[in-house]
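Below, chain A partners chain B and then partners chain C, in two separate complexes.
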Partner chain A sequence: MKRFLETGNFAITEGAILAGCRFFAGYPITPATELAEAMSLRLPQVGGIYLQAEDECAAMHMCVGAALGGMKAMTATSGPGFILYADPYGWALGCETPMVVLNSGRVGPVSGITGAPGQGEFYLMRYPTQGGNFETICLAPNTAQECMAMTVEAFYLSERFRMPVSVLADQLITDGFEDISVPENEDEMKEMGFRTWPREICRGPEFYPASDALDVPPVVLGHNTGALCSDWTPTEEGYDIEEVEAHHKHAYRLIYKVRNNRDLFSHHYEKKYMGDDPDLVVVSYGSPSRVVNTAVEKARSQGLKVGSLRLINIWPFPDEHFDRQCKYLCVELNWDGQLVREVQRAAPKGSGVHFMGTCGDLPTTPDLIETFEKLLKNEPIRRKGWVLEEW
Partner chain B sequence: MKERIEIVASGFGGQGVVRLGQIIGETGVRQGLHVTMLKSHGTEMRGGYVRSQVVLSEEIIDSPMCESPDYFIALSSAAYERFKDTVPEGGLILYDPAFVEKIDEALPCRQERFPAKELSVEHFENPLFANSLVLGRVARLVDVLDKEEMLESLLEVIPKFHDRNREAFRLGYEYGG
Partner chain C sequence: MEYRSSVITSKYLRSRKIPSTACSGCGLGLNHKIVVQAISELGLDVADVVWGTSIGCAGRQTFATWKGDGFAGTHGRVYAISRGLRVALPPEKKIILTVGDGDAFGIGLLHLIHAARSNADMTVIVNDNLGYQSTGGQYGWTTPQGSHTDSSPYGMFEHNLMSDEMDVLDILKGAGATFLARHVAMDGQRAVETVKKAILNRGFSLIHMPYPCPTNFASRELGSRNQVNIYRWIQERAAPLGEEKENTVWATGIWHDASNSRPEFSEYVHETVEKIRRTGSI
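Showing the complex of A and B:
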């Protein structure tokens, strides 16, 4: 195992290569520029292809094309680029094309602030394209090391579910340097819990089965299988059809292959101090969760009965963690509150679900502990002069 | 060593603030420590605000934020003003008087004047080696950092001008006797 001081961008690149990714198309954007740079260096070294596209929309289309050609492919961007994926993302979901998409969040909306972290795309990761009638899988690591692990995992899930899988990081994680360990062989990969799945080829005659089955090989063109692939509703044999019955079957698959097989990835979460039914559960994902963990540990040493729930698998939303009626505090890198809406929906009636936002900078430990104390004493919480409403 | 050591460097774009943090972090990795190094910056390549936050620990690091830095390397007046109050009693501010002219004497922490830019111009007729001087000084001041590992890290991260970087590092380390 090799140990480096490197960025999350580097860790993701190495993870992708370990998972078998041999095609990357992207358009550089802070804070994912170094990822494109690392891919442009590393992919040719392992016989892969790096393509700089004219924009993000073209980049993801190229990845869909590469995946349909039988390659494991990936693209990466930040929020302003992610919205340009909307068109090809729908294509990849509809055609059930495996690939991995990374979004490193910065401050938005639009170009916002480049070199600072934000979490404004929580819902965009759920609905990255129009039309509905699909589920999405999104993983949110909080360290460079976990970026590598979740990139490998995203490739694994994308093959087994036959769909694009996204990784949601943020500027602090992709741009920040950390000590990371890179496995050098398959034994070391297994030791680190990395799972991989080879690219297989669907031989038909059913190319789009109306079932929730896992491990249906993806459609790969050019292998004399007779497979077709377009952006229209397909019949099970893969022909275009604009017809409600066929669409219903296709939608069932796009939704229920994920909903009915969630146990394959629902173990991706972290709980700290959750064993004694804490009075307050602090919910977070991505980089803020690291300060939350520090703050919860300090709060515990001060006698506050607080626990930390960190979500790694954020979509489909893991409702099962919210079965207890208690107080919840969602800590997010945005001012409008996104994760909090989902926790409010998932938590039992009568739970107090609260929101603490910041953006561009992580919350501080003293601010977090002060908020925990206030919530436990049923006092109103404030942040930067805003009265934070009860959700 | 302490549970965690926090080192902040801040100045403006083009000064090598990120490289500075990276070399300190690389030293930590070489010494078998866990390391995080966050960089924050504006859009500009040069002239904008830049900050590196390094945390060194024997344990896995949760928060990578330097909320209470043990060491603060101030390379601009703006950076000094912005972060001086975060340094606790027992902490140390290392500042270059070429960039930080006005010092707040009321701070509870120790403050060391280190004329890196001036020394670089004096010895090398070029301000380019100021950061290697700073790194030498940091190697001297931060007990947990090993001098030789730090020098090796510097030479690895900055692949050019090895002789002058080595000499600048030595001058920084030995500054003030």
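Showing the complex of A and C:
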């Protein structure tokens, strides 16, 4: 095991390499640029290829192309680049091509503030492309070390589910320097809790008909197996077809291969004091969750009955955590409230679901504790002059 | 009705896709035939080629016709997809792309230019039906000036990539393409010889191949769906390079042949990576 004082971008690069990634195409964008730079340095050292693309749309298409040729591929960007993935993301979902996509959130809309963290793409990660009729898997780590593990995990899931899997981070996580431990062999990976699997032999040369079963090798071109993939609704052999029944089969597979196998990733969450009868559950993901965890610890020591639910697997949304009838507070890095909408939907009827948003900077511990106190006393919560009582 | 397939067809194409779903009288089949004929004359096997297409008439009608591996990409992006695929495939595998004019010269032009810039080994056959015909017939970026289409009812009057002394092939030459040519669908064996050269170039090759669309283009511009009329109309406006006449729109033949004159993208990338891996520098 080697230790470094390094950024989340560094950790993600090492995670990708551990997972067997040997192809990265990207386009410079703050705050994911350093990831592309790290890939350009590290990949050639392990025989991998880094390519700079003319835009993000091309970058992800190049990755899908490389993946269709049998390589493990990854791309990374921030919100303004992520929207250019809409086109290839859909294609990769439809062709059932495994690859990994990282989005490091900054402040929007549009170019917004480049060097500050934001969480404006919560729903975009669920619907990264048009057309519907698919599920997506998204993991949201909150430290550099966890970024490494979740990158490995994302590759694992992408291969098992035959689909692009995304990692959602933010500027603080990808740019911030932290203590990072990189395992040097399989045993260390296992010890450190990384997912391990036969990482180099998962791509089959044979062309298999589409199926909702897991562990069916994806379409790989170049072995003359008659493999076909396209942007159209496919028959089971891959031919394009304009037929409702074939479409139902295809869409059903894209949706239910994920829904029926959620146990493969639904364990990715962190709970604090959730077994201690909380009257208020604070829900968060990504970098705000680090402050939330501190604030919840502190509030408990002051006798406030709060608990923390940190989501790592954010899509498909883990409804099962919201069976408790109590108050909920969603802490997010945006002012429009995104996660809160999902919690409102998932929480039992009559639970008070509240929202606390910041943008570009994290909430502070005193701010959070003050909000917890007010909510527990049924007082309205205010922030920056806005009444945000019942979101 | 029984369709007899020729030896070439049964060797290289999937019988399931014959006949194609193209309109009767469509000229796309001529272009398709030219490409398969060239592959056959080069003695290539089904296994030697990965065939890519995009959407529109050219994409839909040629996708999954090749007996071997094939893909249809998103609109305009196959040039980016193929660069990724190129580095993943062994260098001896040919990537042949049959795309449309809207795909290559409209939505995909940026990616096309970068594919040319990088000299990635692929052969792009741009099947030009003079506009967007699968959507009913709107003008494209190489539609002859003055043409009447559903989106240019008064005649196409914009500057485009084939008007005012402009030529899309010049753009691609400037971008670094190592083989560029133009043929119309009726050029027969002349076109086959050109496609063979394009495939043999280890680098980026593109052939612009206008073909007759009797259904949508001809019905608007010529007021007739009679295929003879549109075939004639195109043929009258085509002439071999150097023999252009007053009304020539498409000067046919090899425009630029710098085959194998500079390193091919994927080989160069792989060699460089290998060197870095061994020595730590370039």
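Simple rule for what comes next: the second predicted complex is superposed on the first by the 373 of 391 C-alpha atoms of A that agree within 3 Å, B and C clash if a C-alpha of one lies under 4 Å from a C-alpha of the other, contacts with A are read in each partner's own complex, and residues count from 1 in each chain.
Here, a residue touches a chain if its C-beta (ideal position, glycine included) is under 8 Å from a C-beta of that chain, and two chains touch if they have at least 3 such contacts.
Just so we're clear, the structure is a prediction, and the values are computed from it rather than from any experiment.
Superposition model on chain A: chain B and chain C are shown accommodated side by side without a clash. Residue contacts after overlaying the shared chain place A:P28 against neither chain B nor chain C.
Using the contact criterion defined above for the overlaid structures, shared-chain residue A:R3 touches chain B, although it does not reach chain C. Using the contact criterion defined above for the overlaid structures, shared-chain residue A:D179 touches chain B, although it does not reach chain C.
In the superposed model, A:T114 lies in contact with chain B only, and not with chain C. In the superposed pair of complexes, A:D55 makes contact with chain C only, with no contact to chain B. In the superposed model, the vertex angle chain B-chain A-chain C (Cα centres) comes to 110 degrees (nearest 10). For chain A, the partner with contacts to more residues, out of chain B and chain C, is C. Looking at the shared chain after the overlay, A:A73 reaches chain C, while chain B stays out of its contact range. For the pair chain B and chain C, the least inter-chain C-alpha distance in the overlaid model is 19 Å. On chain A, the patch touched by chain B and the patch touched by chain C do not overlap at any residue. Touching chain C in their complex are the following residues of chain A: 23, 25, 43-49, 51, 53-55, 57-59, 61-71, 73, 87-88, 90-91, 95, 207, 221-232, 238-240. Against chain A, in their complex, chain C makes its touches with residues 16-17, 46-47, 50, 55, 60, 63-64, 67-74, 77, 80-90, 93, 110-111, 114, 269-270, 272-274, 276-277, 280.
Interface residues of chain A, counted against chain B in their complex, comprise 3-5, 30, 114-116, 172, 175-179, 287, 290-291, 293-295, 297, 361-362, 364-366. Interface residues of chain B facing chain A in the complex, by the touch rule stated above, are 21-22, 25-26, 28-29, 33-43, 61-65, 67.
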